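What follows is a set of structures for review.
Presented sequentially are two complexes of chain A, the first with chain B as partner and the second with chain C.
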Partner chain A sequence: MEKWPDNKAWLLVLPVFVIVAFSAIIPLLTVINYSVQDIFGPGQSVFVGVDWFREMLQDYRLREALWRQFLFSGLVLIIEIPLGVLIALAMPKRGWKASAALVTLALPLLIPWNTIGTIWIIFTRPDIGLLGAVINNLLGIPFDHTASPLDAWITVMLMEVWHWTPLVALLAYSGLRAIPEAYYQAARIDGASAWSTFLYVQLPKMRGVLTIAFLLRFMDSFLIYAEPFVLTGGGPGNSTTFLSLYLVKIALLQFDLGPGAAFSLIYFIIVLLFSFIFYQALQRVGKGETV
Partner chain B sequence: MARIELSKIAHSYHPNPAEPADYALKRIHTVWKDGGAYALLGPSGCGKTTLLNIISGLVTPSRGQVLYDDRDVTPLPPEKRNIAQVFQFPVLYDTMSVYNNLAFPLRNRKMSDARIKERVLEVADSLDLTPFLNKKAAGLAADAKQKISLGRGLVRSDVAAILFDEPLTVIDPQMKWELRRKLKEIHEQLKLTFIYVTHDQTEALTFADQVAVMFEGEIVQLGSPQDLFENPEHRFVGYFIGSPGMNFLKCTIEGASAHIDGAGCIELAPEIAEKGRKADGKLEIGIRPMYLKIHTRWTKGMLKAGVKGVEDLGSYRIVTLDVAGRTLKAMLSESEAVPEGTVGVSFPRQWIRLFEDGWLIK
Partner chain C sequence: MTFTLKWMEWTLPTAIFCGTIFLTVIAMTIWQTVSPSMERRGFLPIPTTPGDRLFIGILSSCYLFLAWVGFTQWNLWVLPAIILCWILVVMRWG
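Now for the complex of A and B:
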């Protein structure tokens, strides 16, 4: 029987295409369009080619924000992944204690991001904040995130770790719970120490969830905006001005739509590139042939 | 190597067991001789895995003692017991090579690298794993993986016994046979105590010299495959071993015969009838389907039966008979004629077994 080409199936894909077009493709094309024009006002624009890209790539403030961003994301990953795994290992395995631990852990994840910033502003205030007052008055160490860049970084890091480590812990916990009991039994019979059991049973079995945790935390921390915006506003000086904070300053506060669009695209490509590199690298871990 | 004695073992997963039903194991009292090949056979949920885990030390029994060569090891964890266990599905260290998997138990016991190498190569050779030594364990087929699990037990030369928990569950039928042969070969070579848990009677009967049949938390019989077949000590053994299982008929003893209500009389061996008369429990006679004789014409001493169906299984046939509302199964060889309509069934005296409240009268 001869088969006639039937293109009706494309109609079924159409709704998805329309939704994706409105949610991603059209906005992205708009940004690309802006990035090659100098816009003076509604209907007044000039084509400028790649000038904005050139300008943005030479902008030292963007470069500083980029290094700051890498330092921030790097610290986030170095702290949150091991800490999350540790918490997951220490959590109760079953019963009401396990449920209680899960709910407690999930709490920071349920709080709106702006509120998180506000909580930490109050928490670290030297005069009335619980943490700030304790450090300043009881321990006698001057600590003020509005005055000292180091204190600002410490506060932002503490807030970030408090906010997102639970996500890593929950993912790691689910990975741990999925390991069949027989693996632990075999490890005991083989005389494996707790450390070997972790290294050769638990960690390899958690690879999948930890890859997800790693990528999520990298992307999220690289795009962080609301919490530092509320907490430090990028200061003191520019010390906590991360990429997204700087982008908003250019695109919305100064209303430089062209440079802002070029910046957005550079930002987008960096996130995409690094996520891809990390994914490939993590997929390869533990898959090569070794003796 | 060791002789393993289970002394009055009982185990419950409940924190405060009250009634017998709370116990996964009711009362286990048995000895596994050094170098024996044993099978623990029983249906799902009969407690066989629990018993295995008690022997290996993964579970501490609520009551009773585990003795290795008369040494009490009940409170000891598995790593202190010199035991190896092969699980239902292959348990491997995925990130390690086959070599490192096999070396792992020895490295944990701080053996020298040279000695480890010697042992690993030796074991890999006897399990035909040498070509895979440098490969990742994760990429191999299920049967090779199970061999690695077994190998991790065999590398330890001081191992007291190797326990198998339904190790062939995930293996393809063809490789099952192959792997079972390999197990037997290894057993003959090393004379280690093997304890093999399964719910598959073919596996148990072909693998083991001695089979322990478990039923509702008890070992109802420990014996050779032939014993289990010919002299099942409990009706469960008769029913569980053999395919189809033993036929049972409720009866009363009158003189030297077993009287089957509404169906007639069957003559018994005099000493069996004698013991049956003295018994006051519920009596049943049991006979294996292969020993029943079918006659086209009924004569005295037989039971009258209607043929309900015949299943042809290739080399033999199974005939389903109706005896006054009770069902009997008989096995016929290919050469025997297929009976029809009303027939007579005779019970050869030497193959009739008499049970009181489920237990064999000897």
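Now for the complex of A and C:
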């Protein structure tokens, strides 16, 4: 990498730094302070050292929420990335059909997250919901996301896939459209099948956008809050209590600021590690190296 | 309206912790301005600048701290010494 010619340019970033200081750094410092104290009220706190960290790390509900979170994010990636690529491959390439497909695809992305939760509550209700009633009454399979953990998981996954696969599809579509026609012509001359065209032309050319899709989907699903909060509220039991839901329960509902702060920092450190790994991966994509 | 920082609930240990990181970042900035550094390759799998190595050192120390606190009952006072050595090793040879 070349040396930065003039570091004075960084002075222009100062206004952003001031904003970030007020919106992120000062709150973060406060969280660090809270994490080592038992807070009873303003000015009434007792120093407890690392006890909250110990308590949180040995809390089986946090560990369960963590594994649940990784399972959720893993499933999201396994389902959404291939599905998004499939949709992108099947989309019309030009003309009014392409525009219509793009707009239709983008619709779920435009809906506020709380509304999405509400839509899916009604949609999957066993008594009046279109999907819920069909599964229960027409297919005769008992399905109730408020009673069965498995049904709750299926519903949350369906909602998540419905909500966010369009983003992956749009990114993959833009990657596909950026491939020059000459590559396809060359593949046809070589007599390549559709599968090998996909494997050796389209997939490598989509690597950049798919990396971005992968990162965005991982981070978003790892931090998911609003939709499962509205849809299941973390239940039934704790079966869909993801990390952020559990954190809010500790910090805001039980008002345990100390343990909540320790939990936040643990969460933050996990997110920071993945952000760093993904940032490195993106840097390589930017330089055109293999990932 | 009076402006106070009472709500931040500062304690001496957290002030030392945050102050150390803050001062390190400032010192690194001055160092970088005085003698600009280049990316290089050490025992870490990626080429890094000193800033990258500081970040990697601190982040890995956070995990060390969590593992130490969460899974062992060992004396906590040994940990800062280990972390300091680890960060120095990463900064020098990473």
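Couple of notes before you dig in:
Basically, the second predicted complex is superposed on the first by the 261 of 291 C-alpha atoms of A that agree within 3 Å, B and C clash if a C-alpha of one lies under 4 Å from a C-alpha of the other, contacts with A are read in each partner's own complex, and residues count from 1 in each chain.
Just so it is clear, a contact is a pair of C-beta atoms (placed from the backbone, for glycine too) under 8 Å apart; a residue touches a chain by one contact, two chains touch by 3 or more.
These numbers were taken from a predicted model, which means no experiment stands behind them.
In the superposed pair of complexes, A:54 makes contact with chain C only, with no contact to chain B. Residue by residue along chain A, chain B and chain C are tallied for touches, and C comes out ahead. Within the superposed three-chain model, A:190 lies in touch with chain B and out of touch with chain C [touch as defined at top]. Look at A:93: by the touch rule set out above, it reaches neither chain B nor chain C.
Shared-chain residue A:42: touches chain C; no touch with chain B.
Applying the stated contact rule after C-alpha superposition, one finds that A:200 touches chain B and leaves chain C untouched.
Residues of chain C touching chain A in their complex: 6-11, 13-14, 17-18, 32-33, 36, 38-39, 46-47, 55-56, 59, 62-63, 65-66, 69-71, 76.
Put simply, chain A touches chain C in their complex at residues 1, 3-4, 7, 26, 29-30, 32-34, 36-37, 39, 42-43, 45, 47, 49-50, 53-54, 57-58, 266, 269, 272-273, 276, 280. By the touch criterion given at the top, residues 53, 56, 58, 77-79, 83-85, 87-89, 91, 93-97, 99-100, 104-105, 108-109, 134-136, 149, 152-153 of chain B touch chain A in their complex. Only residues 180, 182-183, 185-186, 188-193, 196, 200-201, 204-205, 286-287, 289-291 of chain A touch chain B when the two sit together in their complex.
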